[in-house]
Amino acid sequence: MPYRKLRHEQMRIAMIGLGRMGANIARRLMRGGHEIVAYDRNPPLVAMLAGEGATPAASLEEVAATLEGPRIFWVMLPAGPPTESTIETLMGLASPGDIIIDGGNSFYKDDIRRAKLCAMKGLHYVDVGTSGGVWGLDRGYCMMIGGDAATLVSLDPLFEALAPGFGTIARTPDRGDPNEDARAEKGYIHTGPAGSGHFVKMVHNGIEYGLMQAYAEGFDILKGKSSAKLPEDERFDLNLTDIAEVWRRGSVISSWLLDLTATALAKDQMLEQFSGQVADSGEGHWTIEAAMEEAVPAYVLSAALFARYRSRVDTTFGDKLLSAMRFGFGGHVEMPQ
Amino acid sequence: MPYRKLRHEQMRIAMIGLGRMGANIARRLMRGGHEIVAYDRNPPLVAMLAGEGATPAASLEEVAATLEGPRIFWVMLPAGPPTESTIETLMGLASPGDIIIDGGNSFYKDDIRRAKLCAMKGLHYVDVGTSGGVWGLDRGYCMMIGGDAATLVSLDPLFEALAPGFGTIARTPDRGDPNEDARAEKGYIHTGPAGSGHFVKMVHNGIEYGLMQAYAEGFDILKGKSSAKLPEDERFDLNLTDIAEVWRRGSVISSWLLDLTATALAKDQMLEQFSGQVADSGEGHWTIEAAMEEAVPAYVLSAALFARYRSRVDTTFGDKLLSAMRFGFGGHVEMPQ
Amino acid sequence: MPYRKLRHEQMRIAMIGLGRMGANIARRLMRGGHEIVAYDRNPPLVAMLAGEGATPAASLEEVAATLEGPRIFWVMLPAGPPTESTIETLMGLASPGDIIIDGGNSFYKDDIRRAKLCAMKGLHYVDVGTSGGVWGLDRGYCMMIGGDAATLVSLDPLFEALAPGFGTIARTPDRGDPNEDARAEKGYIHTGPAGSGHFVKMVHNGIEYGLMQAYAEGFDILKGKSSAKLPEDERFDLNLTDIAEVWRRGSVISSWLLDLTATALAKDQMLEQFSGQVADSGEGHWTIEAAMEEAVPAYVLSAALFARYRSRVDTTFGDKLLSAMRFGFGGHVEMPQ
Amino acid sequence: MPYRKLRHEQMRIAMIGLGRMGANIARRLMRGGHEIVAYDRNPPLVAMLAGEGATPAASLEEVAATLEGPRIFWVMLPAGPPTESTIETLMGLASPGDIIIDGGNSFYKDDIRRAKLCAMKGLHYVDVGTSGGVWGLDRGYCMMIGGDAATLVSLDPLFEALAPGFGTIARTPDRGDPNEDARAEKGYIHTGPAGSGHFVKMVHNGIEYGLMQAYAEGFDILKGKSSAKLPEDERFDLNLTDIAEVWRRGSVISSWLLDLTATALAKDQMLEQFSGQVADSGEGHWTIEAAMEEAVPAYVLSAALFARYRSRVDTTFGDKLLSAMRFGFGGHVEMPQ
C-alpha cells in the first residue's frame, strides 16, 4: 500500500511520558498543527506541556476519557517495566479500533507479544523506533515503524509532522519512482509488522556502536603516534581537531558522528570533561543476540559493545588470570605501571 | 605558521602519472587556473591531457627541462616500486629548492626515508594523502599534507584549487577563530612533517574499513531476519533499500558511505552484480601495524580487515582443522551444506 | 558439605535416552557395578543395552514402575523439546523424594525453571554438564553438577563410577587439603544450585570454541607461509604434522585439543576429508549471551563462534555490500578470483 | 634427511648469555654430558656456571679461542640489539664451518638476513625457537629449529639432550613410521631453512596468547555470574578453583595452561597478587603481521593481543571520544562509576 499523497489533516493524540524525548516529540507534533493530550506521572512535566498548548491529563483514565475514538496513545517511556505496565493499563482502557504506539526503545520481541495481545482485543499496536536524539526537535526524527499497513496510513499526518522531510539532502540516484513508497525520502518508513520498527532501530543502534568504535580506534591511533615509545623520527604530534574537521569536507568517512566528533574536539582537544566510562543500552546487546539467532558473524558490532563493557572496569579478573599464567610458565612478575 | 590569506596566483606544476586519480587532479588544477606539464609512461594518456590544455612531456627529463625553478613535481603513481623509482629519478634531475610531492598512497615510513634523502640534496618533499575517490574531480579532494611549513605555504594555491572549499557544509561550533589554521575548513590540512600526511590518510582508510564493516554487518543482520530458520512470527522481510534511504535522513548513522549504500541498494536490492570478494589495499594493514607499534587496541579496525581476507577464500585450512578436532572429540562428521 | 569418604554401594537408576552419550554412560555405570533400567523411544537401542545387562523398559511408565523409591531418572536427550517433554512426563510419574537428572546440554535457565517446578512437587532436580565426548566411556567423564548438596551426596557413587578418578594426572600444588571437596580431583564437582552445572559446562564449551579457533588461526598462518604471494626467501613449506607433534612435547600450548590436532594431521596433513563447514551447538551462543548479561568482554569467545557461522556460507550479503560501497567511491569492480 | 639413529657423542659448545634461559640450557646440556664454555658480559654469572662445571670465558674472543673448529656458538640473549651485535662480533671471530645458533626470540626475518651474511662467510646459521619457560630445565625444552639439514644432523646430540624425549606422553595414532623424522616425538624438529624455527615459535606464542585469552574470558564469565546486577535466581557463586581442577580431569579443554591456572587458583582464588597489567613480547605482534602478509584472518589471536594492550591503560582516548559522541547526540553525561 504505497503512500503517495500528503494529507495535512489535524490529528489529536495522547503523549504518555514527557521526558526529554516525549516532550520534544509532543512539541514537534504541536508545531505541525496537531493537538496533544499530555500525561506523565510527574505533574510538573504535564504542567510544562500544558503551558505550551497541550491538554493536560492527570491519569491514564483521564487520558482515555479525553480522547475520542479511535484513540491514539503514544507511549514514550523507558523500555521494560515502565512501558510494559503502562501498555497493560492502556489495553484495559482502550476500545476496539484504538491505536497504541510504543515510541520508546522496547525489545522487538516484546512488541510482537504485545501486538498479539492487542489484536485479540481489536486494538492496533504500532512500534516506532526513533533516531535523532536531542537534535530531533529541530532536525526532525528519523522513524522506523512497525504495524499493520492501514493503521500506518491513518497515522501518516503525525509521522509526516515528526519526520525531517525531504529537506536539503540530495535525492539518491534511481529513487523517486512514483510506484515506490515516498515515505523513506521524508525520513520515516513502514518496516513491516509490529516489532519490525524496533528491530530495525535496534540494528541501527548496533551499527552506531560499530561506527563510533571505528572512529574511536582511529583517533586513538592518531593520538598514540606522539608516544615517546616510538622512534623519534616516527613520532607525529597531530592536531586531532583539524583532522576531524578536514575529514568532514570531502573525505570518504564524513558522517554525522564525525561532525559530533569535530564539535567535541573543537571545544577541547583533550576531551578532559569525559570520563571514558561508556554506557550501553539494550540495543547493542540485542543486536548481537539477533546476529547469533541468524548465525550472522558480527565481529565489529560485538567488539564495539565489548569495548564499552571494558571501559567501565579498571581491571578484569581475566587480566589477572593472564598475569597468573605468565607467572606460572615464565616466572614473569607483572607490576602496575 | 597559520594560513589566512587567499592567494589566487597561477602556478605551474608537473603531474607525473595520469591514471584516473592523476588525470583528474591535473584537470581540477587546470580548472583552477594552474598550468600542468603532463607525463605518463603511457603516451596516449599524455596526449589526452595535452588535448585538455596541458603541456605534454615525453620523459621525466623533459618534464624537468620544461619547468622553471623552483620546480614542483607531483608524483601520482601506485605506491611501491613505481613511486619509489620515479622519485629516485626525479631526485637526480631536481635542483636545490625544487619540490617533490608524493600524492599516491605510499607507506608513511617511505616518506620519512625519502624526505631525509631529499633534504640532503636541498629538495623539499611533500606527501599528500587524498580522499575523495572518483568523486574528487567535482566535489574536490580532502587532503592531508605532510612536509615543512614554508613549503606548504608556497603550495597553498594548488591545494586551494584542489580542495572542496568551505562549500555548504556547516561550520563546526567553536571553530572559525582567526588564530586557527583556516585550511581545515577548506578541506585540506598541514598534518606535520613529511610522512604525517600519508599517516593520517592511512588511519582515515583504517577507519573507513571499520565503518564499512559496521554497515555490512548491520545489513547482514537485517537481511538474515527473513531466514526460514527463525520462528515464523519473528521473521521480517525487510526492505533494505528503504531502510538505507531513511537512515540518510535524520538518523545518527547518516554518512557519505550510507549515501553510497543507499545508491547501490536503490539500483539493486540484491546487489547481484557484486561478487563479495573484497580487496584491501595497504592502508588497512598498515593501520593495524601502527596500532601494534603504539600498543593501541584495534579490535574493530582489524576485524574489518580480516573480514575482507575471509571474503576472498571459500574455506580456510583452519576451518577444516576445527572440523577435524570436532571429529576427534565428538565423532562429528561435518557435511557440506 | 565436603565429600570425603568413598562409598562403593551399588545403585539402580534409569537411563532415558540411549544415543551415543546415554548408552556409554549406562555402560560405564554398569562397569562400575550399578544397575541400569534402560529406555529409549527407539526399541532396538533398548534391546542392545538389555543385551549388555540392563533391565529394559518399554515406556516411561514402565521405567517408573520398575524403580523403587527414591527413584533416580537420568535423562540423556537432546536439549530443547525432547528433554523438556520427557522431564514433564517424568514429573507426573515421580513421587516425592525422587530425583530427576538432566545429563544433556540444556540451557541453564531451563534447569532453574524446571528445578523450581520439581521442588513444588517434592522432587529433586540435578543438572549434569558432561565433557569427554566419545572418549568418556574409557577415559571417564568430567562432570559439573548442579543441585542441592544432600541430593548430590546421595548420588556420589554414581558420579564416582562415571568420573575419570584421580588417575595419572599430577596433583595441583596446594591441593589435597583434607578440608576441601575431594570430588574435583576425581573429575566431578558440585557447582551449586540447579542450573549451575549446565552453566559451568556451557562456559567450558565457550572456552573450547576459543581454544579451537586459536589453534585454527595459528595453523592457518603456518600453512599460509608457503604462499607464492610472499617474497621467495620468506616462504616456508612447513610440516604441520611434525609441528603439532612437537608442540605436544614440552611446549606451553600442549593440550588435549592439540593431541587431537596431531592425530588428525598425522592421518592426513591436508585434512581433505573435512568440509570446513563447522557446526555450533547452543553453548557457544549462550556463553556470549551470559557474557553480555554480565557486561563481560568476550572478544575471543565471540570471534570463535562467528568464525563457525562464516565457515558455513560462501559469501555474505555484507561482503557484497562492501564491494558495492567500494564501487561507489572508487569505481572498483571486484571480480571473483 | 630423516634422523633415526641416536648418537650419544659428547660435544663442546659455547653458551653466550647466561640469563635464566641460557644458564638452564647450559645446565641441561652439561647434565646430558656435554661441555660448556660459558660467557656473559656479567662476570658473576660466568663464575656461577663455572662453579657448576662450565669452562669460563671472559670475552667473545676468549670464547672463540677456547673452542676448536668447527666451533658452535649458542647465543642466548634478548632479541634485538643485544643479539644482533653479538652475532655480528661472532661473525668476525668465526672461521668457515663454524656454527652460530640464535636460541633467543629473534624476529625470523632477522634470521633470514643473518643466515645469508653467515653463508657468505662459510658459516652455518641455526635459529632455535624454544618453548618450556622456567620448567624446561627439568621437563626438557620443546624446540623448533631452522637451518640447513646437515648442520642440524651434526647438532642432534645437543638437541637430544635438551629435548624432553618421548617420555610418558602417549604416541599419536598413525605415527611411528620408520620413514618419518623421529625428532618430533622426542620434542624437537627441523622446521626448514634458517628463520623457520623462530617463525614456528612465533606462531606458537601467537596461539598461546589466544588460548590464554580464551581461558581468561571464560573465567571472567564464571566470576561475573555472582554479580548483584543479575536476577537473584540466576546468580551463582562459583568455586573457580574447583572448576579449574575438574576441567583438568577428562574435559575437552584440559591443557598445560589450564594446569597452571588451577595452580594459581588453588593458591589464591582471588589472584590478588597479580596486577592484571599484562605484558606482551614481540611474537604476538609479529604473528599478526605474518597473518596480514598472508591475508589470513586472525580475529582471535589479534583480540588476545589487544586485550593485553588494553589491560595496561586505565582509559583510552577512544573511550573518551565515545563519551563525547554520546554527549553530542544524546546529551548523555557519563560519570565515573
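We call the chains A, B, C and D, going by the order they appear; numbering starts again at 1 in every chain.
Assume contacts are C-beta pairs under 8 Å (C-beta built on N, C-alpha and C of every residue); 3 or more make two chains touch, one makes a residue touch a chain.
Model, not experiment: these values are computed from the prediction.
For the pairs A-C and C-D, the count of C-beta pairs in contact is higher at C-D.
Judged by shared residue numbers over all numbers used at their interface, chain A and chain D contact each other through mostly the same positions, with over half in common. Ranked by separation of Cα centres from chain C, the top chain is B.
Rounded to whole angstrom, the centroid-to-centroid distance between chain A and chain D, based on C-alpha atoms, equals 48 Å. One inter-chain figure worth recording: chain A and chain C are separated by 39 Å, centre to centre, where each centre is the mean of the chain's CA atoms. Averaged C-alpha coordinates put the centre of chain C at 31 Å from the centre of chain D. Residue positions 133, 213, 215, 217, 220, 224, 252, 256-257, 263, 295-299, 303, 306-307, 310, 312, 316, 329 of chain B are each in touch with at least two other chains.
Residues 20, 133-135, 212-213, 215-217, 219-220, 223, 256-257, 260-261, 263-265, 271, 274-279, 299, 303, 307-308, 310-312, 314-332, 334-337 of chain D touch chain A in their complex. Taken in their complex, chain D has these residues touching chain C: 109, 112, 131-133, 136, 139-144, 163-164, 166-167, 169-170, 172-175, 180-181, 183-189, 191-193, 195-196, 199-200, 203-204, 206-211, 213-215, 217-218, 220-222, 224-225, 227, 229-230, 233-234, 236-239, 241-243, 245-259, 262-263, 266-267, 287, 290-291, 293-301, 303-304, 306-307.
On chain C, the positions that touch chain A within their shared complex are 252, 280, 285, 288-289, 292, 295-299, 302-303, 305-307, 309-310, 312, 316, 329.
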